[in-house]
């Protein structure tokens, strides 16, 4: 199978952009397999993702694309490939279990470089799959000191993304800023409903008939990052908080993977505090 | 077909309640077609709905049920029948269109006694179906005075429920209290997300991937009443606010009818600020 | 607001097609608002839908597009506009009720030129909305003779599409061929499950947990035409055939409208016996 | 926490059954936590599931229930407990991965006694979790001989249910009859659509817009057993057969677990070739 490449372009909209971009690709004899674009009407920004195959000189293609587009255009030329990730966890296994077993059979679309936890509960699971596990306990340590250790450990690995697979620690702005647009979290509610702690308890108290989960990029504002994917589960009055949490875990797991799949395939572009998912 | 009856019981839980209730029904040779119960573990309250057929003396059955249960038990003995409703609207047609056409063909489970609007936009539609339409404009009038007129008009009709089918006025506590547990609203968001005005604009700004609608009983707290039914619609970055509103209207219409169907069939019991839907 | 145009192109795939098409549009100073394409890997066919605004000479644009593409390319240049439809019905009101009320408020995206039934049940509803209704009874008439009358009546009107809104007659190949790719049906099952008569009875007997509906273009093979949209509704053991049919009607109505919306917006292209829905 | 018990009763319907059953439980001072019943109107059969806590003499309770009900009534008195299962697999990991990881953390509601495969692909995964894996290859062996070996191996273990977690072998009537109502299969289509081999290829060829999965008890008729649970996934024209299969695997996994959860909680009763799921 031919290697696929992805071209992501973001710039101010004007007529002829697709024509210009596809022209550069055509001149290099590249074969566009899929092409998606979107113009944000509020900011008049053009977003384009082109998936293509063929042989080309990377520098030359980049140069020609820059020449064809405005100087302020953001151009990303990516080879379709397995991403590298570091996963952060606490005690719950449902998300990391899913990632590990998909990884084991080559279904994840990413290589798990390491799993870092703030408890030791999940070590045994992770090590079954020959993935290094590091327990960095937050006990007897202030938040900044603990985060420094975690950041240091993360940075020991080469990674594209950090996946917060039920990492139940609030992150400081300092932490978040270091990994801008590189950190994906799964939140156990249908955001923006039930922001913050114990959303299933909140949902139970409110008497909702549907619960959900939200995968999003992490920004400094708690639970306010760009949403990638959401999912829901219908409940009724018979669900206790515990049963809601149990049913919710399956939604969390599914939503996280669906979001990661799209991110790993370079199908997600960030538009301010929103996402474009091609 | 035999007339069906519904018995709703709500009381403090203790062993043997179902046995006692079904005993009274059995002694009257009544045939239980469906029986549902639920015990709220927080308040230790027992909720029961029994659907049955047969001939019986209403007073005697009531007396025996009271004797079998604790004095504080709430007992409702209802004949399954078409409910009577008054509908309040503003300008949007999607919910009232659905109610009117179902009503025309006997599919609504209720008789529409009147439609009251604060604009004249929907008069022509409503009158096509030979339902009286009353326009009570709020222009040049303070909220209390307008509400008094609406309340007076509502009370001219015999009704079981008031349906707020996109009635875009905030109601005062005075209004709400007069129709406790009798007023059902459709809110154009997946509550408790996007409480208040312009939820589709809020949803657009937040960049959610799913929008929704919520049908609930109206209480004095805006959008905080017991939820009866919720529904959702998946969206993506391509949806403008207008397209979200358009897609959302279909969800609103569906959720409102699903909620009303359950209410009209006496399948909804109120448990504080939550509902039990059997 | 500017008039929008839609260009649909279908041809054998080769490199540079998007570049060529957008080039023609760019040379005419046309502004592409949305562009979607798909290559069917089985038949190596390229499908493109471009939505654009601007002023242009239709003949000239067509000529240039033809020159840019292979001679066998199918090119459709459409002005975005209300479609014209003729609706066929039998006795059930749920689909036609929805179409009529949307039509009344300009939400349908189409003008209903006439409704033709083989019973008189829905006349009163249709005439409320000042739409001509024609009852062409099939009683005491062979199928061919009845169809001839229906075809004759349909052809009295200018129309883009014929909508079978629960028209419960099996159509002959002769009928179908006259309206190739112009006739949209709503089938009351999740095709290809429960092809043919009484799908809800079939679903009840099989004990399925989900029922559905399918909107499709009509071809000579019964229930085998290209599927445009499908929808589902969860059921359980408590649903009788009648309750399944009732719940199913709401799905049918929703699926039919969702399909029509896409067809009316020229977002559906036919690929053999399948559809591409942009 | 108190041990819970489940009473399942199936018998010809007549008035007073719930009263009689709850009477026996009440006389033993047992506390009914949840009670569900259903009367099949076709066969006039009464189905009841009562969940209760308390201390009782099993023989005496059984005797009294038999005395209270007709002699032909089927009465099952079950202690709520972890079930024991044997899992059959072939090469696909998605279902067994889910079962193993839930099992590891006590979330499965069952003890996996053994996994039996007809390939060796999944051995390494299964053994990571210290579950015995047996590869019984079907190569160079006729169907009957292979089945005999599998049956013999299954019967070495104490089990309540056999789970076919993507076991890609057609079973003979002989095999099926030995494990009547004890074998649960996950089929990779929305039955009864696409019965038989390669349902995703069939779905691709038909151009459906929704794919699904079905968990069912296995009977001698291929893919015709009582359905326990179904689930769906929306697709579009862009999905290849491979992508449909990939997306479908997640549905299969979810549907299988949802079905097993209900079976393990004794919430599923069999009504001919249909199920009642309380």
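Think of it as A, B, C and D in the order they're written, each chain with its own count starting at 1.
What we mean here is this: contacts are C-beta pairs under 8 Å (C-beta built on N, C-alpha and C of every residue); 3 or more make two chains touch, one makes a residue touch a chain.
Treat the numbers as computed from the prediction; the structure is a model and nothing was measured.
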Query raised in the report: How many links in the shortest chain of touching chains run from subunit A to subunit C?
Result: 1
Report summary line: From the listed B-C, A-D or B-D, the one duplicating A-C with over half its contact pairs the same is B-D
Query raised in the report: Measuring centre to centre with C-alpha atoms, which chain is farthest from subunit D?
Result: C
Report task. Report same or different for the subunit C and subunit D interface, where same means the shared residue numbers exceed half of all residue numbers found there. Result -> same
Query raised in the report: Distance from the CA centroid of subunit B to that of subunit D, rounded to the nearest Å?
Result: 38
Requested in this report: Mind checking the centre-to-centre distance between subunit A and subunit B? Centres are C-alpha means, answer in whole Å.
Outcome: 41
Report summary line: For subunit A, residue numbers touching 2 or more other chains are 238
Query raised in the report: Where on subunit A is subunit C touching in the complex?
Result: 15-16, 18-19, 22-23, 25-26, 29-35, 37, 39
Report task. Spell out the part of subunit D that touches subunit C in their complex, as residue ranges. Result -> 38, 41, 190-194, 206-210, 212, 226-232, 236-238, 240, 271, 273-277
**Report entry** Residues of subunit D defined as touching subunit A within the complex
**Finding:** 34, 93-94, 97-98, 100-102, 104-105, 107, 125, 128-129, 246, 250, 254, 257
